[in-house]
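Below you'll find the structures, each written out as structure tokens.
What follows is a pair of complexes built around chain A, which joins chain B in one and chain C in the other.
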Partner chain A sequence: MSNPVTTDAAEKRGIVRQVVDFLVSEPADTYRLLFYVGLVGFISITLFPFYWLFILAVTPRGQLRNMGLVPEGFNPSVFLTVLQEYPLHHYIFNSIVIAGITVVICLVIGSLAGYAFGRVEFRGKGPLMLLLLLISYFPGITYLIPLFEMLSGTLTIGVFVTPDLYNTPWSMAFPFTMLSLPLTIFILTTFYSQIPDGLEDAARVEGTTRLGALFRVIIPLSAPGVATAAIIVFIGVYREFFFSFMMTDGQPDNWAVLVYGILNFQQQHTELWNLMAAASLIGILPVALLVILAQKHIVRGLTSGGLKE
Partner chain B sequence: MMRTIRRAVSPVLYRIERLDEDRYGYLLIAPMFLVLSVLAFYPLARTFWVSLRADDLYGTEPIGAFEGIRNYWMILSGDANVVLSYPFFSLENPLSSALVVTVGITLISVVIGTVLGLGMAVILNKEFRARSVARTIVILPWAIPIVIQGMMFYLLFQPSISSLVEPLHDLGVLSANPLVSSRDSMLMIILIDVWRKVPFIALIIMAGLASIDRSLYDVAKVAGASKWQQFRLITLPLVKPVVLIGMIFYTISSMKIYGIVEASTGCSTVPTLTCLVVDTFRMQRWAMASAIAFLTALIIGGIVMVYLVQFRAGVNADE
Partner chain C sequence: MGNVSLCDAFKRYDDIVAVNEMTLEIEDGEFLCLVGPSGCGKSTTLEMISGLTLPSDGTISIAGDDVTDDPPKDRDIAMVFQNIALFPHMDVYDNISFGLRLRDFERAEIDRRVEQAATIVKLDGMLDRSPKELSGGQQQRVGIARAIVREPAVFLMDEPLANLDAKLRVHMRTEIQRLQKELDITTVYVTHDQEEAMTMADRIAIIDQGVIQQCAPPLECYTRPANEFVATFIGSPSMNRFDGVVRDESIETEHLELALKPERGREYELGDEDGGRDVSVGVRPENVYLVSSDDEPASPSASFAAVVDVLEPVGDQTYAYVRPQSASAPPSTDGSLMGDATEQLLVSVDPDTSIGEDERIEVVFDREKVHVFDDASGDALTHGLVGPLPTDDAASSSEEVQGD
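== the complex of A and B ==
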């Protein structure tokens, strides 16, 4: 007498065995299958939260309950609401200005230092680079209190009081410079050191000064490296949270950045889920564009900066 | 006009021209050194100095008399827990103590993230059409603002709008409102941390994979090694130093975790070390906050040392 349950189980085992047989007999196909499963898996897990923001943003507020995988209704005006009723563009503008200031400071100082580390032989080079590494290792909080004192005008040096920069772009641009400068220097050192000595010598024979050679030969030739450093510093500042959060009072007129533009929605009493999602999507837009346009640069910069040791 | 400027500048340029290599190098790094002295070295020294002082909650300045390592001693012995918003370390209620929460999140996140990152690196290292599109998509989570990383998952685990929470609750994985339970929020923070850092460690590992000599695989193929054997015997040992470097950066960054917590569940549900410093700072206890900040740095330093020993051991074994 055959038990229906066992035949069912046997049948299942049959299917499993067939699959296993196929996988074992065709190893090349198995690896290809694994490859596609992995690739599709990674991409869908990466994109799902973005898609989720999209669903929430375009669903009208009244219908936001137990959302599934498709939006309920379509309400694109939410993106305009976020910009018109809340000054989200103002926060994003502040973020971009502060990131721009930081990029310029880091590139100027970092170019000089990167040239020194990459092309000039001087004593104490190794230890100085280690010192740079040390800065990026300490958590942001270990710098917070003195920087706060210094930039909010409460630190006195003899008779001088530091200027009150709280609620100005500088109260963020200076900490960001400190955070980004080591990585900028590592990236630029790598790129500058790759330029053949002959080109620099040729320029010197032609009669340029040492500094002239740096600005007329080395920097133009490593334009991709300079662009890479600029993009990575920009993204790093744009996504930063800690000092952006601590160094302003959150008013857009006081140079509050995107962090507050997004968090403001959380502090409202009514639940503005669709606005939160729309604001997040708009906030992502500038960096998403940068990533799409400069993916190769970012990959190269992160790996050359990260593996410098 | 131009001529006067040139005339004024040229002796300076001439002086620069005649410097020896050492001095020229120092001249070029001088701006960097100046900026970092003010913005990095001074703050570090100041934080350390403040951490050795007492808190003065009623005076005009929040920093009181010199007390030596008393703050550190109070934090480590647990005497400071009464004045902190949540304990630094406590065994009775581990999920509410900053050290346990932070180390727990870091440990789980680094292990899962490294394994996934290795997988992603192997996949994206293969030649296939649309590889650069795949790479672009995959870097996105790393590049977007931290506050939005937190916000995304805050919205994903919001029980009233997400149909994800209820089935997971029925399965017993999450409680009814995961955003207020410490355990669930910790799981969520780990999920966000893995989601945003896998691309980063994958990129670093990919750079390591690219430097492996392709002919090793040809030899392995001739010798009849399967793909899995090739991965285990060639890829893994050669890429291990790079993986360790990636893990160091990953660990340092996870130990500082703060932004995604503040933007999603809030510091009271997932009290990390940085949360504790910020809360203590806001209570005007600057000295205590500085001491916790420095202890955090010391703990991270200890963990990095463990990695470096591993790294050395690996490199020496190769030679």
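== the complex of A and C ==
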């Protein structure tokens, strides 16, 4: 301290200095501190919508106008209301069925295509894969009108009329499959190509066909990849709104999905915000459960990308 | 019956010919080794027999049936792989019984056969383990058990021991040999290790660039190589070779002349028409002798001087790399430090022989064991520069050049 300073300034400077000294001298603690600051920030941003939904759901309807960060009242019965007075469970069931159908179709077709792309040499493989990925980058909405015509039985090709699939699960499973397949094929190709050739050869010599080797050896060994693809497709379909909105009339008996059901709380003159929020929270549960159960597989699938012999 | 025959089998990958019109007859119960340097087409040949690769042309038949276009599962074969290729998601029992389960065998029969196979390869009590928990040798034994449990007509083995450590390899080599004798199943064994081929096979097919160079019992390949490639490939360390020219009564090389003149009533096989032909002379290290040693051959060549370069004792013998010093050419004392390969001669000497590096020695060849190859084609012209004694039947094996 060569320069004379006032005591006040010295004290302030002292605190800053102390902090700086601490940060410089304890880099490990500094990094940890910054890590927690970042973590808390990230978690707050991610989880705040859920908190907000929860507050919204439990706030009694009359007090919604004054809603703030802390609940004005506490009315947990909305969670029962949405299931008892509204067919929320039916919407969720529809969503799960449609997502399930899409996952199965995607995995079957994607496995066959993934096998071809990943393990068979053929001419034009690179360009074909590129084309596939290119198409997957198109916004799905661009196909809406032809798809709607085709799936609602109004498209005539010569003497053939396309079947009327409006209000059936197939009218949604079909476009979802189409939109999810490129990604599925890409993921499965990566995984299947990593299974050593020797294993497939061994299976074939032991008595399987190429297809048999795919189902008996390659797919079981690519379980993390298959699980990853399945979950990505499932979540994608489960939360999809646009095609679901176009392809049904919104009745649960007509295969309307969860998001449509939630939208139905928005009636002509009233908006049942608290019920919507409660329904949203309940609707999240199946996917959350799925992800928790399959978390191990997803992490392995996305990071390690297969197994070594 | 498990004979295998390839007829003009041809395999082309884009513009590379992997196997070129290979014709090969493998008899029932025979142990045949396909051996050759990497990339010579031996694995492709095996894959064509297995059906994992289909030939571009030609036919393949197993047990008399034409299986050229059949998938592997319809060929009655079993295969052991270099990378072992056990299914990691199945335990040992499931691995061994995989083929049987696919063929809808009855449960009791599967159990019986798996038990039996496990006993044969000494894997009892390990059936519920996962392949990951086994050592390399045990894994390969599971691979072998998986192959024998189906009692196929033909065993195919693609370098099954290449991934094992040296000691285990020798052990497994004997086990596979014993097993093959016991089961008496036709076996085609691919290896790049000529020693493995020599020790195991009933017959060896030496392949180079997709063409069979020689297919004969191991010792015949060793003593009567069909051409220069076989001569240098079979045998470790490799055969010494020198360029030479056939003269009227001798083969002239840079350092010595090998007399062709008949001795004691013996005849040589190089005819007069060979005069002036460029040849390559080959002699194995154990057929070169020091003049000073006691065990001089019955018909030695003219001796010549050489300087010992490097000694490599391996225990039962010592390999001496020597530099020939010929009378005709001045001693090449100013030779390059690394030495010139063609200037070197490898001699196998008794480890008790007291020679030191840089010592000047006199060496002779055993003329009965000198091989002469045509320089242009590489084909063998003669094995041994002395013909058989007219009365000696035992030596009649060197009567004629091995044709191909």
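One rule holds for everything that comes next: the second predicted complex is superposed on the first by the 258 of 309 C-alpha atoms of A that agree within 3 Å, B and C clash if a C-alpha of one lies under 4 Å from a C-alpha of the other, contacts with A are read in each partner's own complex, and residues count from 1 in each chain.
Following the convention adopted for this analysis, contacts are C-beta pairs under 8 Å (C-beta built on N, C-alpha and C of every residue); 3 or more make two chains touch, one makes a residue touch a chain.
Predicted model only: the values in this text are computed from it and were never measured.
Once chain A is used to superpose the two complexes, chain B occupies space next to chain C without a clash. Once the two complexes are overlaid on the shared chain, A:18 sits clear of chain B and of chain C alike. Once the two complexes are overlaid on the shared chain, A:209 sits against chain B and chain C alike.
In the superposed model, A:241 lies in contact with chain B only, and not with chain C. After overlaying the two complexes on the shared chain, residue contacts for A:221 are found with chain C alone; chain B is out of touch.
Using the contact criterion defined above for the overlaid structures, shared-chain residue A:201 touches chain C, although it does not reach chain B. Note on chain A: of its two partners chain C and chain B, the one contacting more of its residues is B.
In the superposed model, A:64 makes contact with chain B only, not with chain C. Taking all C-alpha atoms of chain B against all those of chain C in the superposed arrangement, the shortest distance found is 5 Å. For the contact definition in use here, the residues of chain A common to its chain B contact set and its chain C contact set are 209, 307, 309. Residues of chain B touching chain A in their complex: 13, 16-17, 21-26, 28-29, 31-32, 35-36, 38-40, 42-44, 46-47, 50, 119-120, 123, 126, 132, 134-141, 143-148, 151-156, 158, 160-163, 166, 195, 199-200, 203-204, 206-208, 226-227, 242, 245-246, 249, 252, 255-256, 258-260, 262-263, 274, 277-278, 281, 286, 289-290, 293-294, 296-297, 300-301, 304.
Residues of chain C that touch chain A in their complex: 50-52, 71-73, 77-79, 81-89, 98-99, 102-103, 146, 150, 156. Partner chain C is touched in their complex by these residues of chain A: 196, 198-199, 201-209, 212, 217, 220-221, 307, 309. Chain A contributes residues 27, 31, 35, 38-39, 42-43, 45-47, 49-50, 52-53, 56, 64-68, 105, 108-110, 112-113, 115-117, 120-123, 125, 128, 132, 135, 137-147, 149-150, 174-175, 177-178, 181, 185, 209-211, 235, 238-242, 245-246, 258-259, 262-263, 266, 271, 273, 276-277, 280, 283-284, 287-288, 290-292, 295-296, 298-299, 302-303, 306-307, 309 to its touches with chain B in the complex.
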